[in-house]
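Each of the two complexes below includes chain A, the first together with chain B, the second together with chain C.
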Partner chain A sequence: MAEIMIDAKSIVKDFKITKGLFLGKENLRAVDGVSLQVSQGEVLAIVGESGCGKTTLARILLGLLQPDSGSIELCGSKIDQIPRLKLAKTVQPIFQDPYSSLNPRKTIGSIITLPMRVQGEKESTEWTKRAFKTMDLVGLPSRMFNQYPNQLSGGQRQRVAIARALINKPKIVICDEPTSALDVSVQSQILNLLNDLREELNLTYVLISHNLAVVEHMATRVAVMYFGEKVEESETDKLFSNPQHNYTKTLLSSILPPDPRQRSKEN
Partner chain B sequence: MAEQVLNITNLSIDIPLSGDVLHAVDGISVSVNKGETLCIVGESGCGKSLTSLAIMDLLPQKAIRTVDKLELNGKSILNYSDREMSDVRGNKIGMIFQEPMTSLNPSFTVENQMIETLTRHRNITGNSAKKLAVEMLEKVGITPAKPRLKQYPHQLSGGLRQRVMIAMTLLCQPELIIADEPTTALDVTIQAQILELLKRLQSDFNTGLILITHDLGVVAKIADRVAVMYAGQIVEEGSVYEIFDDPSHPYTKGLLSCIPVPGKIKKGERLGSIPGMVPSLIGKFSECRFAGRWTVEPSKHDEKITTLIPIKGSKYEFSVDGTTNHIVRFCCKHCLERSKSKINKGVN
Partner chain C sequence: MTNLPQTTSNNPYPAGKGRILQHKGMMIGSLIVIFVMLLAILAPLIAPHDPYYQDLLNRLKPPVWDTRGSWDHILGTDHLGRDYLSRLIYGARISLLIGIGAAMISGIIGTFLGVMAGYFGGRVDMVVTFLITVRLSMPVVLVALAVVAIVGGSLQVVIAVLGLLLWDRFAVVMRSSTLQIRSMDYITAARAVGCSTARILMTEIMPNVVNNLIVIATLEIAHAIILEAALSFLGLGVQPPLPSWGLMVSEGKDMMLFEPWLITIPGVALFALVLSINLLGDGMRDVTAPENRN
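Then we have the complex of A and B:
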């Protein structure tokens, strides 16, 4: 039995929304009683339409937001009892848009090594050594060490984001729409890279995506969210061949297969 | 022979930069028939969107457009004045943009914006304009439509906004619709609805449709013909079946091998990829446009060797099936050799 990396129990998160001037606040339940368990080496995909609470859930799992109720355990210890620096060594994010998640005024080298400096690594030779190693791992040429994000293409920027997430060897990586801002040719490179890294570094992924073809390709298990609730969760193959919930069925029927022959069947 | 709505030949767009020129689009020719859907696919930065702007004469001021022929319904609109062009835009050619939030005016109601179009192009005002607007909103699936008229764009969801955009575009019953990534900003479930809607309305009104996208799933769903663009050129053009079943340009093959197909690629199996990145289009090309982009590992499409038939009068342009329907263009001799296609010299 593989070790359980993430154990989240009935997480609830509310946001207060102003109804208008002098009208007081209203509750918006973004995440409503979601429980998740992810074992080591798994890829759990979370799918759902925009506004269904996927990203809020990801932020809670990263420890960036406090849930209103419910408990989260990462690698066996409660998330609010893990010190911040140790938490950052356990779980790392990769965000959607590599154009806005990298600081434009810092060089690639300093972006990638920042997590090491935060963790208190003093030797600057060690920084560069590890940075070059990680850049090599994600397929970035070392000459980019002194370049700035605006000199890089979208795919290269996403590789920088991946390198930054991996430099402290986290156990869990939370990918929030890692390829939706990229072209298909670049998307396939990044997906291949994520798959290779998972095997090489024994990573556990939580993959948030609305692209079901990507989910089918990457995930071992899929959780479907709808209006803050988890409506269905099962093995990828089972979910795609035998969806139970109505919303999952709608979602699956809206996949556009890249095959013009399948269109004539529908009409 | 179906009627041609749009015919562009040899369109080039150059953007002068300080000291150099960016050749954004390099000699492309496109035509669309009535009731036909042409999809233009390609990576970002290959000139898809500039091409659509060039048709509407909406290019940035610095950009220089050179074109041999630009015909709408057989009439050249090349030398139209600004005034004449603005009669064409929105009236004869409709445009749907990617992000409906930025293309609708946030400070006017839906009614205001829809009626403005009718007043400007059709001279219809007052109650009759309102009636037409309601009818059109119902046609795009917004029911009940009346309460929506008084709403502002920010009160509508993404899907509804895009529907309003489409309704506005259809108000003047344009002969050609250009849709630039109309569903990229939307959820998958809503994307499917919008595409269905576009397809249905297009056959109802018998308009030509140019759809610009990078999603090959969308292409497979809606296209009649496909033009694959790469670095400012169309590298392959053909019917949707020809492109998906028998891709003949290495770039098209690569692009098709990149997408994960549910049920076809096993889990953990590597996706195909196109290495390198889109070349810079600044200055003249000294080497092949595809330099550094050839895959080392052969993809499954590579096993099939394509036989190409030369087209008279052009050096690197070939026909795949002997007609002008399915055409492949190579940029140079090197590129043609690397593609390993066989050339049939017997015909012609």
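Then we have the complex of A and C:
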């Protein structure tokens, strides 16, 4: 049995919404008692429609939001007891929009080396060498080291974001819709890159997506979320061939077959 | 493995030299500002006469281009026979000192409040917004006049009063631009990477708001210079015999109809300095913005 990397138990997160002047505040339950277990080397996909709490869950797993109740253990220790810098070495995010995830004022080099700088490592040739190695790993030419993000394409930007996430060799990577802002042709490149990196660096992924084709391609297990609750969780093949919950069935039937003739037959 | 791969020697500095040279407004503005700064710094070397020396026999001499003018006093003399060119050159010191001093004080206050409000939001934001509203409800000239009337006018008092009154625009602009940048993914990424809040503010937020800061700073320098001139004109700014441009206009106003150059010369100087500072600010904004970088 592989080591359990993420062990989250009944996480609840509420947000307070102001309804308007004098109307007081209302609670919005973004995540409602979600439990997850992810073991080493797995790719757990979390699917669900917009606003069902996927991203909130991701932020909680990253330690950026505190859950209102429930407990999270990463690699066997409680998330709120891991020091900030150690947590950063354990779990790293990859965001949806590569246009807002890179600081436009910094060079690619300084974006990629930021995690090393934050960890307090001394700047040296060893440093630069590691940055170049990581750039090579994610398929970025090293000549881009001194360029700025606005000189790069969307796919290249996403590679920079991946390099930043991986340079300190985290154990868990949380990919929040890593391809939905990219071109279709670039999407598959990034997905294959993520798959290769997982094998090479022995990573564990939590993949958040609403693109079921991506999920089928990447995930070993799928959790379906609906209004903040986890309604179903099973192996990828099982879920796609034999969905249990009604919402999952609706979700799966919303996929359009690529062949238009088949599509018209079904209707 | 010892030699590192070649990187393009792409200009790593955001404000490329070429972009500065191509920007006409910025070139004109910076030339005038540099000229005035040099005048101010080198005033004792350049000024042909002592700006405080009164020569009552040579009162109200017109400038050299007038038929009655002479090269001895290129811009003539004032009502006490002091050399007008020397007073103008020394006056540049006062104007720049007040402009930069007041903008620095208000810049520090306003940026601090604005960035805090924008980044932390919630209660901090409420308090800062309240402070901004309170500040905006006070008429600057009136408050400055009252304070100077009570405390007494001097260079330091004017700088302090203007510095404590002009931070509102800094705070408003810094707050809104921080608010905009706070929600960007790279801030979240920086937090996930383990950056401290201070580090995020300094290395992720500040570089992205600094071009707005520069524009506001130049506006406020110009604003402070004009306010100083207004206060001095009303007799509550820097006190005579200091050669302030506003004071020169004020002292010349009685003779306005007979000797118009007495107020035209310091007026044109003020106009040119304020215009060039604004041109410089606009140029800085254009040059440092990432959009046109290539």
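Simple rule for what comes next: the second predicted complex is superposed on the first by the 265 of 267 C-alpha atoms of A that agree within 3 Å, B and C clash if a C-alpha of one lies under 4 Å from a C-alpha of the other, contacts with A are read in each partner's own complex, and residues count from 1 in each chain.
Definition applied: a contact is a pair of C-beta atoms (placed from the backbone, for glycine too) under 8 Å apart; a residue touches a chain by one contact, two chains touch by 3 or more.
Bear in mind the structure is a predicted one, so any value in this text is a computation, not a measurement.
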Touched partner set for A:Glu121, first chain B, second chain C, both or neither: neither
Partner chain(s) touched by A:Asp14 [first = chain B, second = chain C, both, neither]: neither
Which of chain B and chain C A:Glu216 touches, first, second, both or neither: first
Which superposed partner A:Asn150 touches (first chain B, second chain C, both, neither): second
Which superposed partner A:Glu73 touches (first chain B, second chain C, both, neither): neither
First (chain B), second (chain C), both or neither touched by A:Glu49: first
Contact set on chain A toward chain C in their complex: 59, 62-64, 84-85, 87-89, 91-93, 95-97, 100-107, 109, 114-115, 118-119, 125, 128-129, 132, 142-148, 150-151, 161, 164
Footprint of chain A on chain C - complex, ascending: 1, 4-10, 12, 14, 184-186, 188-196, 199, 204, 207-208, 290-291, 293-294
In the complex with chain B, residue positions of chain A that touch it: 49-50, 153-156, 183-189, 191-192, 195, 210-214, 216-217, 220, 236, 240, 250-251, 253-263
Interfacial residue positions of chain B with respect to chain A in the complex: 43-44, 158, 187-192, 195, 214-221, 223, 240-241, 244, 254-263, 265, 267-268, 270-275, 277-278
